[in-house]
Amino acid sequence: MKKLKTTRRKRQKQKSKLGMAPGSLVFTGKQKMSEVDISVLKYSENGCDESSPKSIDEVITILNSSENVTWVNIDGLHDEKSIEQICTFLGVHKLSMEDILSIGQRPKLEEYNNYLQAAIKLLSLDAEEDTIDYEQISFILKGNVLVSFQEKTGDIFSGVRTRIKEAKGMIRKRGADYLLYALLDSVVDHYFIIIESFSEKLEDLETELLDNPDQNSLNKLHALRRETLLLRRSIYPLREMVSKFEKLEEPILNSDIKVFIRDLYDHTIKVIENIEVLRDMSSGLIDLYMNSASNKMNEIMKVLTIMSAIFIPITFIAGLYGMNFVNIPELQYRNGYFIVLGVMLIVLIGMLIFLKRKKWI
Amino acid sequence: MKKLKTTRRKRQKQKSKLGMAPGSLVFTGKQKMSEVDISVLKYSENGCDESSPKSIDEVITILNSSENVTWVNIDGLHDEKSIEQICTFLGVHKLSMEDILSIGQRPKLEEYNNYLQAAIKLLSLDAEEDTIDYEQISFILKGNVLVSFQEKTGDIFSGVRTRIKEAKGMIRKRGADYLLYALLDSVVDHYFIIIESFSEKLEDLETELLDNPDQNSLNKLHALRRETLLLRRSIYPLREMVSKFEKLEEPILNSDIKVFIRDLYDHTIKVIENIEVLRDMSSGLIDLYMNSASNKMNEIMKVLTIMSAIFIPITFIAGLYGMNFVNIPELQYRNGYFIVLGVMLIVLIGMLIFLKRKKWI
Amino acid sequence: MKKLKTTRRKRQKQKSKLGMAPGSLVFTGKQKMSEVDISVLKYSENGCDESSPKSIDEVITILNSSENVTWVNIDGLHDEKSIEQICTFLGVHKLSMEDILSIGQRPKLEEYNNYLQAAIKLLSLDAEEDTIDYEQISFILKGNVLVSFQEKTGDIFSGVRTRIKEAKGMIRKRGADYLLYALLDSVVDHYFIIIESFSEKLEDLETELLDNPDQNSLNKLHALRRETLLLRRSIYPLREMVSKFEKLEEPILNSDIKVFIRDLYDHTIKVIENIEVLRDMSSGLIDLYMNSASNKMNEIMKVLTIMSAIFIPITFIAGLYGMNFVNIPELQYRNGYFIVLGVMLIVLIGMLIFLKRKKWI
Amino acid sequence: MKKLKTTRRKRQKQKSKLGMAPGSLVFTGKQKMSEVDISVLKYSENGCDESSPKSIDEVITILNSSENVTWVNIDGLHDEKSIEQICTFLGVHKLSMEDILSIGQRPKLEEYNNYLQAAIKLLSLDAEEDTIDYEQISFILKGNVLVSFQEKTGDIFSGVRTRIKEAKGMIRKRGADYLLYALLDSVVDHYFIIIESFSEKLEDLETELLDNPDQNSLNKLHALRRETLLLRRSIYPLREMVSKFEKLEEPILNSDIKVFIRDLYDHTIKVIENIEVLRDMSSGLIDLYMNSASNKMNEIMKVLTIMSAIFIPITFIAGLYGMNFVNIPELQYRNGYFIVLGVMLIVLIGMLIFLKRKKWI
Amino acid sequence: MKKLKTTRRKRQKQKSKLGMAPGSLVFTGKQKMSEVDISVLKYSENGCDESSPKSIDEVITILNSSENVTWVNIDGLHDEKSIEQICTFLGVHKLSMEDILSIGQRPKLEEYNNYLQAAIKLLSLDAEEDTIDYEQISFILKGNVLVSFQEKTGDIFSGVRTRIKEAKGMIRKRGADYLLYALLDSVVDHYFIIIESFSEKLEDLETELLDNPDQNSLNKLHALRRETLLLRRSIYPLREMVSKFEKLEEPILNSDIKVFIRDLYDHTIKVIENIEVLRDMSSGLIDLYMNSASNKMNEIMKVLTIMSAIFIPITFIAGLYGMNFVNIPELQYRNGYFIVLGVMLIVLIGMLIFLKRKKWI
């Protein structure tokens, strides 16, 4: 229930932009009171320099002074002024700025005159691990500067950051385009965790359903299917986006990066295929549930029918001789009672044979 | 029920054109007795001038005298004469005129020799909020003149109008092609409200179904699915239409507008994806309903079977000793009654153990 | 049932061609004894001349003497000789002739060296209005001559004929290619009537199903789905056909006709989309039926279970004190009967509370 | 059951090739002890000459001496030596030879350096008419020589043979490419018979299901669906194959044959569309069955519930006054019995009204 | 259950790579303590030379000294050093090395500057034959050297090895590209065994379901469907991969190999089509199960209803005359008992006629 409300709230925010001019800069997510976190990482093959500027002005100073690859990471989108300031400095189109601030974007990659804009969804499991958190991350790549905009704080890029600082792999030897690839790759890697967790839940549900299907597991299965649908919608456009990324030409993208993007594309396809398998599997579980339920029903009905079939006729016989007519000859027989008991036994055995033949017992 | 009849009525109108020559100008919607509302908005970077001409003749005078971007909005399609007059003035093809008047059009965009014709469906929730109102809006874009034809009165373009008057955003600096984009964009923005409302209804239905599924919620779900189908049919062709819009060349479309249309295309895809999700979700609810119903049935049957399994055998025993045979030895036993009560208790406990093992209680 | 047999008969006819050479001229429809009806309409911008030749020889004379657009309409395909004669005169390929005579064609359009062949299905509701009649109409367009071949008599082209005679619209100013377009358009317009009628039937069925689902409405729904399938098969290839039509080049097709064909294409897509909606809606009704039926079952079972749950225990108690043991102490109590009645009341109330909690009553 | 085993046997044969080099010549079908039947038909516009050579050597002699179109038909694939001999003579690639001998091929058409290889499935209804026989037919077309390889004896090409001998149609005036078309066309014509028979079975099943659905008709329906699936798999690739055929260039294919292949393509599409309709219809029948079964269940349950609802309460009343308490005042009333009968009648009427309102009776 | 855990374990391994740089060389499969098995096969048309080097150094020595086609097979991926050594020697990209070591790859084929990398899944039935083992096999093709990397020991390529040693077929006359084709072909051939085994299981399940559907066969069917889904995911990308293989140009691929790859492509399509048929068939079985279960239910309910319908009314009559009213006139009749027996018989016959008419008996 909690999730439903959250979703509704988000949409109300998004609705509120209706009627405004395209390119109006309004952050459509939840407002956060905390400061915007800015971190700048400047590196070349020879060294790397990290700093945490307090304002965009400082960032611009750094960008102006540097020839090296520079990665500016901005945590928190609620300070629209700052974001507009840095975007204006980089010559970013109004529509791009709007996309950065509007959190309901589909994953996409747009090539503008002299820069590249990318948006992707970062998925993370909620603390209670029952729903997925969707966070939008946008990138502006211009020359050797990459700016990343995160909706929420939380350093999901720490792996990449460490690789840069410790000069692991080839990241220090490459440009900002490789950095963009590395960041996208680390986001896509996170998808596998989500899919992992969904697969495990499905497997648990499968065990539950095979064991003892009840309304509760059905509801859980339904919720999982629903989440899979939303997940699918968020990830599906990724294929197109990475494919577009691969097709970019120099100077935006160095041609020796393409082999990495091809690899990223491969991962993306794998994610999508896995989601499709999740979908098919949960449909399979629905079928299994349906059939199991109808099996249980059959079993219940069998018991009811067996009980009825055995006792209804002999109960009738008992009722027959409970009648109070003055003249029921059988009642006067010495062994009447025992004869009737015998007849009842014969009826009972007959019913059992009948049921045996029907393979119900 | 009411809606069904409305739909039927509409179709009867459309049918009535059968057998006429292509290009015959007959308005196929509901006739309205009110006057046709015309408004003209002429603007350039420096200023903006609004007027409400009473006749098409006045409009033509304005168009002849103006070099600026001019937006003519015509509310109401029932005055076929007026529409023919303005179209003829603009050199519009007979088929285009027919399309403007015939309300059953699919969203489409056609490039003619020297003008562009577009049609789109404006969706709005009915007052009682149970069905969707479909209104057709057509556009003729020729040079710096844009004529919009609305089926019904009701200023859904007030947002755009305000932006022009107050010179918000970049609208005053651009041509009529940007105006067309802005109007289409505001229509597509309306779709999100509909989808919003559908999502909320689905969520409410989900809660209802999880809580207490009955025929009423099933009927509501069915109606929602039906509406989704119709919605989908109206919106699906939009993808192709916007894609065609994007591919237009100068002079009809300035190349710097393309980035906006790409954005519009993105919104369109998002609308379509959301409709698909609605569709999948309502299918999921149907499955949930089905399974919940069969669960409830199982529960009902269990109660019936438990009651029967427990009482049928002991009722038989009671019937047995209700027989009136002269010689039933047990009846003479001092403690016969208590022994029988004991036997009944044993049978009852046996049944309970049996049911327990079946996990039915 | 009647329809099934008709279908079977038709197919036996078609089968009978098996093993013959391609291009063999055999009419595969039902033989009709009546004469073949021929009508010729010759027209230019200045005038129009109608005649009803008795034989193909006369037609050929007219064709030889005329420079104007000439439309030859042949009603009835059973006179293979005549058809061969006119086709030979026009230089039509053997395969085209075969296609004209063989009524099981898919809608198609083939461009031959110097002429164009088209086939389309004319659909009409049967008199009893329970099935659809499929009639094949073929066209040969060569220069300014258009020959149309109808399987059955019945002037479905009367609308076009009138427009020519009364010089309505632009038809008299255009060539035979426009005439072909106009005829195809009038056939496609007929499809909307069929779809109309199907939609109405579906709506009636929906009302029936929501009201009181029974086997009869199920059977009607099934028949409707079946008809929709067949309808879909007949209309689906139309898309490809009209698309091919649009792509034709001069001299077969004047370039100023293209805008009309684009319009026809639009109508075709609309027909197909409507059929898909019909399909989805009837699937939705099947689901609704299923769920309604299981709801009704639940309700029935509830009543049974409630009755049983209430009466089975108290009937047992009554049976208990109907036993004839000599020593049943309770039987001797002054108020034994009333105490037992009280106990029964308590049991009854207990069951009612239990059922109330289960929300069954 | 019988069919299942046959299928299994076939596959075991095919399996036995595993691990061999590609191009190994092993016939994977059932071994037949009979001789291989060879027939040679040599024809030109002026005459036609048929012979039945005993060995491949004789065939080669004929081929060497002839300039005319020559059709060599080889019935039976078990004599691998002979097939290798003729293939080697024609310069056929090892892989082609393997494909000819390996009976599990998909329909396909491969263009090699100087010849064309085609494979197609001939379908025929089994004698008992319950399953379909799949026979593979391969063709090698090289210049004016066409060699056809049939898996089983049985002259399915007699129609074509007769047309050649009797110089019917245009076959004698055309080359070996037309002959290939004619043979493929006659195979595709056979598909219509199968589809015919399936449609009839479906219609019979429909009548059965509407009349009295039982497990037997369900099993028949299931078997039919299964066969349709296999049929579909065999015929589906045909589309691609014929489309490839049409795209061939001279000198392999004379351009004036293309119009015929287009016609063949049309037939192929029609076959595939019909199979899709069969598929959809059998799915529709499954739904119908499901719903009919649940209707029957509802009816059964209604009867049970009506019986119970009417008799359970009055049986309880009867039981009540069958108790043996010493003091049951009502029992002493003169008219007690008649009053109770009246009460029972009132209860019964009450129940009937209740059931009437529920619309169950 | 066992399988589920295995799957989970595998994924946990794969997860452990998260956060590492792309191109990090970590084997993601199960660690094996055994030695890595290396075998080298060097061959030309004239001879063939097999050896089992102990270290990669020896392999490099062989590669350096040889001009012939050389096939290096490496069994076991856990020795990351060795694999890196040989890859570095061949100039293989870091990403390729990573793909070789990371076992969760999709089947793929990547063309690098001067070599070709391929990955494919080898499927084998588990010893207990209840699940499928997925093993990844990677290939590096560079000039006339082919290196194959197998995850597990077990010579599945023995067939190809034998053909080389015994100079069977044309393998000795061709280059390393043909060898790659031959190895891929032998892997695809293995797929048919899996599909074979699945088909047989489905057929057994079908027999079971037609005979006596129970929860156990349902669970087996569900497991089979699940496996089919996973199988499909592993094999589906093969189509694209082989298609890419076919499109390669010289010098990587000799043009005379293309005809073989086309054949391989055909096999791949056949595998995929068969999997689709498996999928459709198992869906068909689910439907069959559902309908069979509801049939059984109907039968059970019929018996219950028949028993109830017959006995409930006459039991009521018996109860009626078991009442102890002082004045029940019928009880005093001489033949009262026999008359009541007669009435019961009439009621019974009436019920039987009613049931007969309902076709329930």
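Lettered A, B, C, D and E in written order, each chain numbered from 1.
The rule we apply is simple: a contact is a pair of C-beta atoms (placed from the backbone, for glycine too) under 8 Å apart; a residue touches a chain by one contact, two chains touch by 3 or more.
Since this is a predicted model, take the numbers as computed values, not measurements.
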item	value
Subunit D reached from subunit B - shortest hop count over touching chains	2
Copies subunit C and subunit D - rotation angle from C-alpha fit, nearest 5 degrees	70
Intercentroid distance (Cα basis), subunit E paired with subunit C, Å	42
Centre distance in Å when subunit A and subunit E are each reduced to the mean of their C-alpha atoms	26
Interface hub residues of subunit E, defined as touching at least two other chains	290, 294, 297, 301, 304, 308, 312, 315, 319, 322-324, 328
Overall pattern in which the protein chains touch one another (line/ring/star/complete/other)	ring
Chain order around the ring, beginning at subunit A and proceeding next to subunit B	A, B, C, D, E
Residue ranges of subunit B touching subunit A (in the complex, touch as defined)	158-159, 163, 168-171, 182, 185-186, 189-190, 192-193, 196, 199-200, 203, 206-207, 210, 259-260, 262-263, 266, 269-270, 273-274, 276-277, 280-281, 284, 287-288, 290-292, 294-295, 297-298, 301-302, 304-305, 308-309, 312-313, 315-316, 319-320, 322-329, 358-360
Subunit B-touching residues of subunit A, taken from the complex the two chains share	1, 4, 7-8, 11, 14-15, 18-24, 93-95, 99, 104, 106, 108, 110, 112, 212, 214-215, 218-219, 222, 225-226, 229-230, 233, 236-237, 286, 289-290, 293-294, 296-297, 299-301, 303-304, 307-308, 311-312, 314-315, 318-319, 321-324, 328, 330-337, 340
